[in-house]
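Chain naming follows the written order as A, B, C and D, and within any one chain the residues start at number 1.
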Amino acid sequence: MTAQFKPAKRWPVAILGATGAVGQTFVRLLANHPWFEIAEVAASERSEGKPYAEAAKWLEGTMPEAIGRMTVLPTDPARVSAPIVFSALDSSVAGTAELAFAKAGKLVLSNAKNFRMEPDVPLVIPEVNASHLQLIDKQRRERGWTGAIVTNANCAATVAALALAPLEQEFGIDKLFMMTMQAVSGAGYPGVPSLDILGNVIPYIADEEPKFEKEMFKLLGRYENDSIVLPSMKVSAQCNRVPVEHGHTIAIAASFHTRVTPAMAIDAIRAWKGDPSSRSLPSSPPQAISLTDDPSRPQPRRDVNAGNGMTVTVGRVREDTILDIRMVAMGHNTIRGAAGGSVLNAELLAATGRLGSA
Amino acid sequence: MTAQFKPAKRWPVAILGATGAVGQTFVRLLANHPWFEIAEVAASERSEGKPYAEAAKWLEGTMPEAIGRMTVLPTDPARVSAPIVFSALDSSVAGTAELAFAKAGKLVLSNAKNFRMEPDVPLVIPEVNASHLQLIDKQRRERGWTGAIVTNANCAATVAALALAPLEQEFGIDKLFMMTMQAVSGAGYPGVPSLDILGNVIPYIADEEPKFEKEMFKLLGRYENDSIVLPSMKVSAQCNRVPVEHGHTIAIAASFHTRVTPAMAIDAIRAWKGDPSSRSLPSSPPQAISLTDDPSRPQPRRDVNAGNGMTVTVGRVREDTILDIRMVAMGHNTIRGAAGGSVLNAELLAATGRLGSA
Amino acid sequence: MTAQFKPAKRWPVAILGATGAVGQTFVRLLANHPWFEIAEVAASERSEGKPYAEAAKWLEGTMPEAIGRMTVLPTDPARVSAPIVFSALDSSVAGTAELAFAKAGKLVLSNAKNFRMEPDVPLVIPEVNASHLQLIDKQRRERGWTGAIVTNANCAATVAALALAPLEQEFGIDKLFMMTMQAVSGAGYPGVPSLDILGNVIPYIADEEPKFEKEMFKLLGRYENDSIVLPSMKVSAQCNRVPVEHGHTIAIAASFHTRVTPAMAIDAIRAWKGDPSSRSLPSSPPQAISLTDDPSRPQPRRDVNAGNGMTVTVGRVREDTILDIRMVAMGHNTIRGAAGGSVLNAELLAATGRLGSA
Amino acid sequence: MTAQFKPAKRWPVAILGATGAVGQTFVRLLANHPWFEIAEVAASERSEGKPYAEAAKWLEGTMPEAIGRMTVLPTDPARVSAPIVFSALDSSVAGTAELAFAKAGKLVLSNAKNFRMEPDVPLVIPEVNASHLQLIDKQRRERGWTGAIVTNANCAATVAALALAPLEQEFGIDKLFMMTMQAVSGAGYPGVPSLDILGNVIPYIADEEPKFEKEMFKLLGRYENDSIVLPSMKVSAQCNRVPVEHGHTIAIAASFHTRVTPAMAIDAIRAWKGDPSSRSLPSSPPQAISLTDDPSRPQPRRDVNAGNGMTVTVGRVREDTILDIRMVAMGHNTIRGAAGGSVLNAELLAATGRLGSA
């Protein structure tokens, strides 16, 4: 892929679960997209048949007017004609629905956890593991469908994997301790009640820690012969909810298969450009990782919109007293860590010819 | 010490730095204390000579009227007559001032960092290391004074040391990773500007991490022959500020000199009573550690006032994927972690006969 | 009623809607009540048959153990034996349910809006309008039941009516402008989503303004010949939600039937003691209204717990540039403005002999 | 002025008080301005001589690099060569400093309160009262200088005056009650301590109410014969601080010299375009006022950035129970209500030929 790629016309796309918080982020990111055009929005029965403007309680900024006038379709592949669907479905329904759309020949870009760990389903962050997209061939072959499911990772795992990819690729991670402070938007809408989180911290997010830990292996794994070879590391993650709107902050301590100093880590992060195929996509930020030397950064409120929410900011790279280094990573959980990640995956598929022509 | 200890009359005490946030907490905790009586309040030149009610911008609840009418004295041992002084002085002045008071024969109970790590100064949490008070004899002998300086620890270190004392004493800590989410009151008043912390996280507190790490060793150390034998462990701490009023939350991962399961850790914590001399003091909570099995606790807003702010709440004791166990500890940073800790230390000195008679 | 009233034994009471936020506040306030004893807890079908500890997600402090072990009953007068029921039912079900309990001979102390404006139902704040309880006789006579429904007002109306009662009673209100900043706990649990209110203000609370305005008239009305004579005033209220946990703050501007200066208003508030029958009840605060001269008070976080949440704090009484005076009132919305108000009403009924003997 | 105005080259400008919160907003707004170029930054002695990047603790987004490299100048007209200066000075120093700059022939665009109410100093919101700029002639004539001072109003007054200008101009305001909920950024940096405002409301802002009330008269006044004829209205304002980062929300009730219905008010607001000279300036928003029919809007977090922070959003226009109408207005206090207002004033001066050629 090069900056020169430009589709002849825009691919029509549909958004599943379009009325929820992540669905709305899809609407915002795709409303003026150069390669994709929102052709359809779908949601649950409660919203079906209503104008989108009425079905969705809009959460940020101004709803694009043209989308507001669309009629919400049911989550049914027979009723959705776009060949590409972005899924913001809740995991309680994503399992069945995404399967149905893939069977019906659609390319499904999914935010849900349901298929992420399936051995034939790519779990992709373009800069980190673009090669994993090759699993699509295996998936189609084995499942006998022309559609496909491509997933992006848990929001915390996305931020951490991006921040750590340069170090994993250069040195190989041995042990990894992570402690998160996660924004409330990660829980969707209505999500976290204000009485639970105003002036408070909740040191627990249901099911988050094992998911976060497991996905790190697949994200940082190496594609080889139709499968993903997992890195030989140990990962411990503790997850906390904090009263922040957007932006997951992660305190990290890590050791590597070789002794790594902070200076070495900083050099590796600075030098890292990510997979060449991931550069110059419409949603690619100028830098996938921004390294700050302000000792009090990254901070969600101040850094979350770096690179339009697609840049992960890393700071406080310093020596650890037990392992090699400590550092802090922060990224936008509903953009880079959710809808924006799916859009970037779709762009990568387009730029690498996997979407055919629009 | 037994529950029967009851002084014939109350000891007169003075509060240094009485107008600041920690100073006010001293006022609240000592206003109706059964063993101590606030005889004098002292503060900086700006406040000297004013009525306390005018000099202090009162932050919580209602100022005790009798204290409000007291005239603020200078921070000068020649002007303060009480033999016992609680110091809420900032570290920028505590070094000189506390030394002066100790030289003048006063017993100084200090919250400042200045003397904590001196080899002849006890750094005490009564339940954890009451025996360290014996350092006072060495201190007096070597420094040639009749006064003394007794310190309490950094607020985060206090919470962590209390939560971990049962495990250190039963199994011996080997490696210890800690990540804090600290309340804004830990920075005093005016402290953290609201523009820095509303809806935000700051992954940095100046000078906090080395202080926290070092104090853990002394707190968990063993008194032996006039000195403290430090435990053979490794400690890594990362400190963060969150928009919480009171209550430091700490995510912990630890291994021990022997393999420890969550069940073993839970049993050890449950069985632990702390040093016998620390029980039944006026400020002793019913439980120094409260163990919760609610997976979403401890939370600062819901648990910070347990035991009138003197109980540390521990939860989520579970297996770690790298070390032995993970858990979360939370405690009140300005009560247990500051003024309340000093008061408990003074009570321990009283109950063990080290204050003489009032 | 005098301080000497002391029932021979405690009345058994039931709590309807016991698992919700207001229901939990009832549990906290009644758990160690000198005159009442929680005999039963009832809630919706979803909770029926479960132990209360399992059915209720406990929101503040520690659940009283004995209540936690109670089995949740259905909201059915045939299954509840206590003669006195505190209702924390949502208005969607309170209409039918409270009627059924009253018909079955129970005395219902209701927080719901459903019956507040019925001409034969007392809407009571003991200090303000204890005489309205006489409506019970009319209610029983006309409805032909031995039970009764006694209501307390909307949380904002309660705070405002208490703050303004001395002025209405002394001078007669002519025009009244009020603008509220209401805590999230007023919306119950889960209530306001954190994504809606973190770092935000919502200048709207559905249905609140007309309710608030109308209830002010009845609360400040005069009992006369079996009915309430409404005051001849005009009332305008604007209601806003702010990111505060507990405590509704109300900015007020008012004119009176006679010209009133700030000094006159202050004197009237200071002199006011409220209805004699309301003093010395177990939940009566030392002062129903606390007047502050700190220009930056009242503040929810600093004053909400005055009088254990039963005192309304009034400040900034000053001249208005259009009407006579301006002032600010603040009170605890789930204690004084909800559960605590019901409990105080029940105590007033007990102390005035309307409960018979326990 | 028309959209066609385009200066031959950009005017060099200086920013006074450039390191503070409002100064930084000036830097952000002017960094890529089509008509102005930041030539110099000045601040207090503490910052003088340092690179701007070092002197300023940057609060939002990323500091423009070129500005970061500038050396901070003293606040001295002899050291500043730009003919146009934007002043973000604190009122404690603005009186002397702005006078000195005007005497030295500079055009001073001031955010400070010091000169706002001087009879020969324009207090301008371009859409509302562009004609007031004619006071400059009087000012120069009477003060005998070639410089000038042009001020913009208090942040709350700016939001209110914009929202009310259509109604004042169409109907004439008679009585006006306003109650504000103001963001913490209005107090500058460090400004409001987090311990004062987290989860809290402060019903008081020192000196704000009289300033707000008085400025409303001048802002809505009519230029006539070298002076401003004040409208014959009565204004009452109550000011509150809330835990919001940016965006002042104002609840308004108003009556007019003629009876006005909500429909009439809505029509007047919709039809209003503001002074023709104010349209199509580089910082002019598409709409000076955006009218919403969502009953829960405007909200600071959701609407504050409308029109890049230059649009005031108005909602909930409805009948009042005492006066004619009620409504809610919200605008960005540090953009429209401070730095952005000054920049718009400067653009208006440029477009109307009052800056000469660059």
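Throughout what follows, a residue touches a chain if its C-beta (ideal position, glycine included) is under 8 Å from a C-beta of that chain, and two chains touch if they have at least 3 such contacts.
These numbers come from a predicted model, not from an experiment.
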Task: Decide which interface, A-C or B-C, involves more C-beta pairs in contact, and give its chain pair.
output: A-C
Message: Using C-alpha centres only, name the chain that sits farthest from chain A.
response: C
Task: With chain centres taken as the means of their Cα atoms, state the distance from chain A to chain B in Å.
output: 43
- request: Determine the centre-to-centre distance between chain B and chain C, using the mean Cα coordinates as centres, and give it in whole Å.
  value: 40
Message: Measuring centre to centre with CA averages, how many angstrom lie between chain A and chain C?
response: 48
- line: Note: chain B residues in touch with at least two other chains are 59, 198-199, 243-245, 301-302
- line: Within their complex, chain D touches chain C through residues 175, 177, 179, 181, 198-204, 206, 213, 234-236, 238, 240, 242-245, 247, 249, 251, 253, 295-302, 315-316, 320-323, 326, 328, 330
Statement: In their shared complex, chain A is touched by residues of chain D numbered 59-62, 198-199, 245, 301-302, 305-306
Task: Quick one: which bits of chain A touch chain C in the complex? Just the residue numbers, please.
output: 21, 59, 184-185, 189-199, 243-245
